[in-house]
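Shared between the two complexes below is subunit A, which pairs with subunit B and subunit C, respectively.
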Partner chain A sequence: MNKDGLFYFSKSHEWIGKDSNSNKYRIGISDFAQSELGDVVYVFLPESGKTYRKDEKIGEIESVKSVSEIYSPADIKIISINSNLNDTPELINHDPFGAGYIAEVEPLNPADLNILMDDNSYRIFIVSHHE
Partner chain B sequence: MRERCGNIIMDNAEAKKTPLYGEHIKMGAKIVSFAGFFMPLYYKSIIEEHLNVRSNSGIFDISHMGEITIKGKDASSFLDYVFTADVSKIGRGEIVYSLILNEKGGIIDDVTVFKFSESEYMSVVNAANTQKDFSWLHHMQGEFQKKGKDVSVENISDSVGLLSVQGPKSRDLIYPLISEAVKIGKCGLFDFSFEPKQIRDLKHFEFSCANFKGNGIEALISRSGYTGEFGFEIFVPADKTAALWNFLLKNYNLSNLLPVGLGARDTLRFEAALPLYGHELDETINPYDAGLEKYLSESKDFVGKESLKHVKNKEKRLIFFKLSGKQIPRHSQRILDENLKPIGCIASGTYSPSNKFPIGSAYISDAGVNPSFLKNFFIDIRGNFEKAEVVSPPFHKKR
Partner chain C sequence: MPKFPGIRGFFLDEVPLLRQSSRGVRGVSIPDCGLKKTGLKKDEGAYINKKFIRKDPPNLPEVSEPSVVRHFTRLSSWNMCVDSVFYPLGSCTMKYNPKINEKIAGLENIKNIHPETPSFLIQPLLKIIHDFNCILCELTGLAEFSFAPQAGAAGEFAGLKIIKKYFDMKGKNRKKILVPDSSHGTNPASSVLAGFTPVEIKTGNAGTLAAEALEKYISKDVAGIMITNPNTFGIFEKDIRKISDIMHKNGSFVYMDGANFNAFLGNARVSDMGIDIIQLNLHKTFSTPHGGGGPGSGAIGVVESLKEYLPVPYVKAVIKSGANVKSGVVDNGHIKQDIKGAIKAKGLKSGSGLFYVTAADKKYTIGRMAPFLCSFAVLVRAYAYLLSLGKNNIGSVSEIAVLNANYVKKKLAKILQGSDPFEEGLCMHECVFNDKAIEESGVSTLELAKLLIDYGFHPPTVYFPKNIHGAIMIEPTETESIRTIDSFIKAVEEIKFKVKKSRAVKSPQKTKIGRVNEVLANKKPVFKY
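And now, the complex of A and B:
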């Protein structure tokens, strides 16, 4: 999975990062998370325009076998949702950091992103917690 | 993200490994603990594996399932009393589906029984129930022996590896890889006292002995499965299971064979409306509730029969449905009538890869409800009331 720019990760496997094309922040779930879920068949998306606190539930992802909740990785306002996921939820499996993003957002306190894990710390986190 | 509920029964007890555990790991399978075993949930994708079984072929490790032999001069009368179906009436080399009931008529397990002779049978049981079934059969064996009868049951599960090859093209894999010759006598773990049929001549629910070309592996092979497709199940000595698995997968191009995990095993069986113990069946459910009364023999006495006479009026009723929305119904969720009154519980719910919409089964608590009146009802999926519609299974196109 290719991704440019700086991505921050939560312990519950969501990411927030700046899209290099639009220069806007997006959120999504990590490649590790999608591989754990398996085939995604439905995504219950957050509400556009709504503000969510860090760790607040913002949506749900259903795979064939399970349901998982999506939590906000930071204090954010939802600018727009990725409505492509309504018809092609499998984008989350194919491209979790790109076309399978969940929403475009505005972080309320961009400085707070630093308390999240960077790429490297997240990789170590996965290995130490899941293998 | 946090997983809230899954459809596969997870357990955290010390899990066992099948003879193929190492192969699953090598292939990068996602492993879950199911019925006391570490099993592959999927190798790449449940949906892809499911669709490949419907159009080509798939191979499953189902070595977690239990095998119990029932032998002795009185084995036939023992099986006829402890199992609900007319077991002894089938011929040698034939298989019958049956229930095992408790004294109250509740379902202890749903099983198949293979007949080798009047005094030699094998029952294949659900992995989660192997220990329970064996204890029950062992208890009944004691009762029979007290009356001077000759019967002995043995749990041979640990010595048996079990592979399932399913799908319309599975014959294109199996036929070229087995030798034509069949013989009376030893066949892997089993002993055939009758001349087995040619594999190509096997009908559904018949078994024979397969001798695989090039590797000398002998195994019992049956025309059976749990997917609603043409297929085979192969009972092979535990220590030869990995060799046979790899041999079949090496020849994958004969039938576009893919390995398939338990995830697709569940979606395949559910599209075919085959019951799963723990979902459609358990000890609080009787055969009438589950719509399985055709497996109750009318011509003999069996454990649970007396109690069933009093519950002939159905207390529950199993229905199948599809959803118009996209959320997936899950085991134990409530179903509501059009006035939002709770009327039952989901037995199984899943996404149907063949239809690309959610499907499920549910027990309606009042059997008096006519399913054809259930035009509009709802599933309470975590507070969202999703509209559902009663349908007649199966959910897949039968060939």
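And now, the complex of A and C:
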């Protein structure tokens, strides 16, 4: 996982964090989430330009095991989507925090991110909920 | 007899019939009729509009009879089916389909009936549809069934459309359908399709929906609840009566997904649980063929107050009083029938008796869902199944189904220690395990499923329900003997304690096609050869 702790995690295993290159916020699903899902075969992406409330459904991920919903980790506006996922959804498996991000977003209220979990608390959360 | 049915594999390859074609080969040679003169004109254009006449002959395979027989026999040998293997596919009720059903459905005067045949010529067949409806009403306690939906999910859709129409007629716009996460996966999709918004209810660790947990979801916007009972963990919803009362108090309906009806068939009536609408999957509980062997049937049953909302057409029994039957009855929606004439034509004596007609006179009907009445041959199979069991034995179907499932549950709990999420209680017709114990042996749920194929068993349902980690869901059904079930349990035991990872990742190895690349199959499916 990201070493500089810039990633914030939701209980439904999405992350939101600042990309060090572009200095913009991105969202995605966690490494734990992708390993639980198994091989991803299709991603239903959110709509560019649309705003979503925290915990609102923004998309779907279909893996060989099942279809799971993606929830917004915070109140966000979608700036652009990662359209590479349309052809290569496996990016989510290979690089969930990098090339496998879901979308570039603008948090409507950046201060709200503090109520999410940081790396460490998320790790503890996984262990205590999914031993 | 070997310990396991799966020993070696021997498969014959087979290519599509078109590729086996040789010019001029015929399965059957019909001798020349020898007649020189014919009244027909040579030019087909005299009979058929020119634009419909093809220039080239159709590309049909030209093959001999043995080639055709071998073709289909070989293809069938690649298949794992309920006639060849134990098929414990949880939530699907893959019970054995007794061959007597096929025999009855295959009778000449049943299988060759044209759907437009006038009622008076097919009275016994309409009687079957009518009487089967009555039996289902007796088994469920509901008022009437419709056989228009051709599959389980189509039944769900019909049920929800009925709810929708009910509120439309009352001028109310209720938008929400409550769907506990322990209900069947199709339920939320059906509610969306019928124009509702599904609201998921989390059931928590107990595996059942507590009436108290329901309360906070109740509002005047709630049209109904879709509940699966026993739920998708194979556990009976003990609060069902309370749940129904809460819903009814709110003026909402209780829709029950009857996919798991095999768990209490003949032992409990859904009307006593307060259910308003149910779909019964004839291809599950009533032993008609599934899926590719289909078509299925998701017969939908309703309480008295919703009868007028059912799809049309349907079969109605009218009382024939002497020669005085005069009501003109609509047949298949468009053929007018004169019953009086029909009785006369059949040489029936005047007097009391029932006459069966197809009718479309449902006041608030949601409309037509199928081109004709039903998939008749499916109904005949289900009817034959029930009659061959007899009223007094129907209850033992569910008793043995539950007994078999609990036998598997208890035996496997010893092998897969710590993997039964509901270890304390009993299950109904199916049991579910998580992957904790097999993971300790280095085998994943998927590998367990694939390995079981090599042992000669169809895999159980895997990774469903979603809230059980690496779920393995087993439904043995009542048709399996203890010998078969023991053999299956023994196979799981061997996989847990003996199988090496190197073999697990490569399995299945005895099938014609080994491990399929599921990612590729999902991303780039090839639909033609």
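Following the convention adopted for this analysis, the second predicted complex is superposed on the first by the 126 of 131 C-alpha atoms of A that agree within 3 Å, B and C clash if a C-alpha of one lies under 4 Å from a C-alpha of the other, contacts with A are read in each partner's own complex, and residues count from 1 in each chain.
In the analysis below, contacts are C-beta pairs under 8 Å (C-beta built on N, C-alpha and C of every residue); 3 or more make two chains touch, one makes a residue touch a chain.
A quick note: this is a predicted structure, and the numbers were derived from the prediction, not measured.
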Please determine, from the superposition on subunit A, whether subunit B and subunit C clash or fit.
clash
Of subunit C and subunit B, partner touching more subunit A residues
B
Pick one for A:A33: touches subunit B only (first), subunit C only (second), both, or neither.
first
Where does A:S66 make contact in the superposed view: on subunit B (first), on subunit C (second), on both, or on neither?
both
Kindly classify A:H13 by the partners it touches after superposition: subunit B alone (first), subunit C alone (second), both, or neither?
first
Partner chain(s) touched by A:Y42 [first = subunit B, second = subunit C, both, neither]
both
Identify the residues of subunit A that lie in both the subunit B contact region and the subunit C contact region.
39, 41-42, 62, 64-66, 68
Considering only the defined contacts, which subunit A positions touch subunit B in the complex?
12-14, 29, 33, 35-39, 41-42, 44, 60-71, 93
Once bound in the complex, which stretches of subunit B touch subunit A?
1-8, 30, 41-42, 45-48, 263, 267, 326-328, 330, 350-351, 353, 382
The subunit C residues in contact with subunit A across the complex are 446, 462-464, 466, 469, 518-519, 522-523
Contacts from subunit A onto subunit C in the complex sit at residues 39, 41-42, 62, 64-66, 68, 89-90, 130
